[in-house]
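What follows is a pair of complexes built around chain A, which joins chain B in one and chain C in the other.
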Partner chain A sequence: MSLLHQIKEKAAGQATSNELQQHARAVFLSNGIPTRKNEEWKYFSFKPTFDHDLTWVDGANQQLPINTQLHNIKANRLVFVNGQLDIQYSEILDQIPGLIVCSMEEASALHGAIFTQHFGKYASIENESLNALNTAFDPQGSFVYIPKGAVCEYPFFIQHVTTSIDYASFSQLRNLWIIGANASASFIESYESIGSNKCLTNVVSEIAIAENAQVNSYKLQQQQAVAQLNHYTQINQSAHSNVKQITVSMCGEIVRNNLHFKLNGPAADCMLHGLYFTDKKRLVDNHTRVDHVSPHCTSDEKYKGILTDESTAVFNGKIQVHLDAQKTAAYQRNQNILLSDKATINTKPQLEIFADDVKCTHGATIGRLDEKSLFYLRSRGIPEAVAKSMLLKAYAKDITDAIDEPSLTLFIEQFIEANI
Partner chain B sequence: MLSIENLHAGIEGKNILNGINLNIRPGEVHAIMGPNGAGKSTLSSVLAGKNEYTVSQGSVYFDGKDLLEMSPEDRAREGLFLAFQYPVEIPGVSNTNFLKTAVNEQRKYRGLPPMEATDFLKFMREKMDFVEMDKSLTSRSLNEGFSGGEKKRNEIFQMAMLAPKLAILDETDSGLDIDALRLVSNGVNKLRSKENAFVVITHYQRLLDYIVPDFVHVLYKGRIVKSGTAELAKELEQKGYDWIKAELETQNA
Partner chain C sequence: MTEASNIIDQVVSQEYQYGFSTAIEMETAPIGLSEDIVRFISAKKNEPEWMLNYRLKAYKHWLTMEEPNWQNFNYPPIDFQNIIYYAAPKEKKKLNSLDEVDPELLKTFEKLGISLTEQKRLTGVAVDAVFDSVSIATTFKDQLKEKGVIFCSMSEAVHEHPELVKQYLGSVVPYTDNYFAALNAAVFSDGSFVYIPKGVRCPMELSTYFRINAENTGQFERTLIIADDHSYVSYLEGCTAPMRDENQLHAAVVELVAHTHAEIKYSTVQNWYPGDKDGKGGIYNFVTKRGTCEGDYAKISWTQVETGSAITWKYPSCVLKGNHSNGEFFSVAVTNNAQLADTGTKMIHLGSHTKSRIVSKGISAGKSHNTYRGLVKVAAKATDARNYTQCDSMLIGDRSGAHTFPYIEVANSSAVVEHEASTSKIGEDQIFYCNQRGIGTEEAIGLIVNGFCKEVLNQLPMEFAVEAQKLLAVSLEGSVG
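Here is the complex of A and B:
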């Protein structure tokens, strides 16, 4: 049975009294899966995947060996398998009064007031059918509530593993992080999969950041070569808050990111950086959007790609400067290195500026590995493959160096060494 | 050590080297002079293995091995070194890390284990003193923002680290101040031994006062048109290249 059919049956079979879910189901059922006719989905669609017979999974029916490679990072760690918290691998180190770190189920059951105050309040579902689908059923994933003024010593490491060991699978994940005023915290997310069957994971993250809070957020996408990932992230920032978001797409058959920032208060700053590596026939699509709603905000966007074989990458960066957002500074760069003639990059900036006193720059470049540099290194006895990986690490360095977690930087550099 | 026979090379159908013959034995220093555009840098690039040039004729043997068949990295690990006329800047690759990789790849090729980190640093410091290189340069990105002279000094520093059998210095003297010139020359002279050889490409006799060559060759229009001793360089310094060009014309007439 096709996945789409299963979803419809599930919606019909599990009546819900939750108004948000009811509405989300209605939106999803009327809009369906976006096709390539939709301007936002110009280069590919998940439609064929939804026509496949993927089995909807939630939770794990067996203990799985989890990849613990990054568990050397001392962290408040939550490990989810198909959305279900695996306590064996999870631990909370920070002892902060009022701090809540738990699963979505626990949050809605035990912290209902905070949960309903925030859940579904940030990520739009109206023109986002896959968000509607995500919102249409009970959420599974991580919930983090950081109280006002809390300084978290350890990063929050959220590891999401999806499985497609015995059959092709579909799962949905949700993250809701609420960061109080003057608080500071770091997040590391890792998306992984186990199994060689096709799988699709549909993720929605909502991150609400109050005044003057500081957040670093690093996202690693390293699913198996057969896995497809759709990740929609909405980050809302209040005045004087500061966010650094770095997205690293390392593997997976298809990765689609929608990263939306809303700068809702004056002097909110965000940095959104990304690195993507594509090979074979894989595709990574980064759609970003920064809404400058308030004045004196800065957004600093830089995405860098390394593409090889017959792979494709898409970068679509929208910056919207609203009428009142005077003294906005918005920077956007997209750089690409193509290692093969058959790789394709589609890059497009989209600037919509309604205020008059703003500083906005954007630029995109597409190039190859510099032959002169490569020859220089080789002429000193460094083999071609090593020389290439040195140059690619150097190219990625401004992004990897922006990660304030040395073991994570090293992990990504080792990935470049081993895979390119 | 190096024997070049009737070497023809060019780029995109344009002939640049038109039959070079040159023999270099261990312990020798050869100077190559010649007007701009004669093909001096092309010759060094072809020897180092830059693949944008196509060799259409001739052969090059390095210690009995067919040099033209080897990859650039193998040529280097066999002991060939080129100090570039225009060293490239490589942002994001630290000088130290680059050198460590180069030294250890060379060791690997020779069946030696990688150098311990502390040994490497000691070794590097030693060579840095040798060319009086500013310590701050090694922690920076490779050549990035280096002054012209600093880049040249860095080339000699790399040469000292890699201890090649045959080093080709392509106008390493241009852009050097007088002290640096003396320093670089001292560096070369200290590295000179019975086992290794140098090819010094220069426009100025001045360098050859410091590094006294055994042979001086004039490269013109892709060929070595005259060879002699250090005296030839002095003659060129006084008279320029016109007399050689004239000699050639009468020969050809």
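Here is the complex of A and C:
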């Protein structure tokens, strides 16, 4: 039975009294899966995957292979398998009064007031039908509430594992992080998959950041070659807050990221960097959008890609400067290196500006490795493969260097060395 | 800055100086569009059977199409049944020389600064003047004929050079291309036809001047330029329209074909009536322009200065088929008051070693919005393609908008594609610097804007660069607040 059919049956079978869920179901059923006719989905669609026979899983106990390198990082750790919290691997090191770190189910049961105040309030579902699908059923995933003024010593390491060992699977994840005023925290998310059957994971993250808060967030997408991932992230920032978001897409058959920033308060500051590697016939699609709603905000965007084989990468960066968001400074760059003749890059750095006193620049470049640099290295006795990986590491360096977690930087650099 | 705002108010209220209309006896088609109207237009022009069939096919295809809605602006729906598709000054008898042209018409063009009479002609420029749906006169025809250059109106070409028209019409922009191209193919009235034979460098600039005069009409002209091997031509079009409260539609199609080693330079100074201060009236300029570099080493260069029209919606494009062929696009788009512009280019790299360059400058003032939308596509077989794109926007006034939608699609690793863009406003420090040196705010803005556009204006033929500079000054003077 096709996945889409299963979803429709599930919606019909499980009645809900939750108004948000009812509305989300209605939106999803009327809009359906976006096709390539939709401008935002111009280069690929998840439609064929939804027509596939995938089984909807929520929670399964599986023995997990531990990614030792990343597990050396001392962190507040949450491990989710198909959306269900695995207590065995999870631990919280930070002892801060008022700090809440738990699963979505627990949050809605025990912290109902905070949960309902924030849940579903940031990520729009109206024109995003996959968000609507995510919102239409009970959420599973991580919930983090950091109280006012709290300074978290350890990063929050959130590992999401999807399994498709015995059969092709579909699962949905949800993250809701609320960061109080003057607080500071960093997050590391890792998306992984186990199993050689097809799987699709549909993730929605909502992050609400209050005044003067400071957040670093690193996202690693390292699923298996058969796994598909759709990740929608909405980050709302209040005045004087500061966010650094780095997305690294390393694997997976299809990865689609929708990263939306909304700078609601004056002098909010955001940095969104990304690095993507594609090979075989894989596809990575990064759609980003920064809404400059208030004056004096800055955004700094930089996405870099390395493409080999017959892979495809899509970049669509949109910066929207709203009326009266004066003194905005927005920078956007997208750079790509094509290592093969069959790789394709589609990029669209887009600006929409409705205020006059702004400084906005954007740029995109596409090219291959500089032959002169390669020749220089080779003439000094460095083998071609090593020379190439040196150059690529150097190319990725301004992104990897922005990561404040040294073992994470090392992990990514080793990945480049091993895989390209 | 109050002094500056006063100056702005004065200048913004300046009237469109080409807004007069000519009282002349007109012959028009009945209002509306149907198969009969298509037949009517074709019959009016005594067209051969194949031409009528082409129009009818296009009309039937148009009926199956939907109006596009992806553009970055809104406009009230166009009632295609409320447009007159053919309007021409009443012909009394067959014209043999310019002396027989209605003096009222000559006066109109005189007033627009386009002289059709022998003694006052701009030296070195041949003009084809199009008044509503028909071509009035083409100058310097004989001199051009000596060189073998064909420069005439489209209706003449259909009769005198049917083999060329048959071969090339619709070869670059087929009637299936888009909604407005299909409409144009069905009802196009006139336009210019240019053929430059092998190895000929066209001795003078060719130019067409379009004038909309009649009320409720739409202008649908069609231009076709063919440059055979090793030839060169520079072509310029200009346009104006009277002030009217209703919006008028202008849906033209321009096709360029450049063969091996040929070069076509196409410049536009577009100054259709932009509507009044509140955005009432004005021309909808929905145009399809495209050129193909058929042969190796061919070159097509588009230069446009867009100051008029209520809405401008066009993307002059280059299809680079030949190896080593070259496409260029230089554009200045100025919008003021309630004007809207959604313009840019498409560079399709198909041959190897193809090069393209895009320089686009957008200036938005008042409540206007200016959009650059472009596509650079490098196909899998286009090895060693090179593109450089620069699109800069300047914002004048805090209610204006500047938008950029650059699509870049590359499927070949040897391609080098660069895109750069920036958005800024005229700095108070820049104006202060000029003021300090005794240059008034008004002039300072002109200076800064001209400097901003210089790269593009330098591409225009000399006579028109001067005109374009003046036009820029008029469109923008004092709009800084």
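To be clear about the criterion, the second predicted complex is superposed on the first by the 411 of 420 C-alpha atoms of A that agree within 3 Å, B and C clash if a C-alpha of one lies under 4 Å from a C-alpha of the other, contacts with A are read in each partner's own complex, and residues count from 1 in each chain.
Operating definition for what follows: a contact is a pair of C-beta atoms (placed from the backbone, for glycine too) under 8 Å apart; a residue touches a chain by one contact, two chains touch by 3 or more.
Just so we're clear, the structure is a prediction, and the values are computed from it rather than from any experiment.
Annotation: superposed three-chain arrangement on chain A; chain B versus chain C shows no clash, the two fitting side by side.
Residue contacts after overlaying the shared chain place A:K372 against chain B, while chain C stays out of touching range.
In the superposed model, A:S30 lies in contact with neither chain B nor chain C. In the superposition on chain A, contact of A:M390 is made with chain B only, not with chain C. Contact with chain B, but none with chain C, is seen for A:R380 once the two complexes are overlaid on the shared chain. When the two structures are aligned on the shared chain, A:N72 is found in touch with neither chain B nor chain C. One geometric descriptor of the composite model is the angle centred on chain A: between the Cα centres of chain B and chain C it reads 80 degrees, in steps of 10. In the superposition on chain A, A:Q88 contacts neither chain B nor chain C.
When the two complexes are overlaid, the chain among chain B and chain C that reaches more residues of chain A is C.
Of all Cα pairs linking chain B with chain C in the superposition, the shortest spans 15 Å. No residue of chain A contacts both chain B in one complex and chain C in the other. Contacts from chain B toward chain A in the complex involve residues 48-52, 71-73, 75-77, 82, 84, 87-88, 90-93, 97-98, 101-102, 105-106, 109, 141, 158, 162. Those residues of chain C whose C-beta lies close enough to touch chain A in the complex are 70, 380, 393, 395-425.
Contact residues on chain A toward chain B in their complex (touch as defined above): 370-373, 375-384, 386-387, 390-391, 393-395, 397-398. Listed in rising order, the residues of chain A touching chain C in the complex are 39, 323-324, 326, 336, 338-368.
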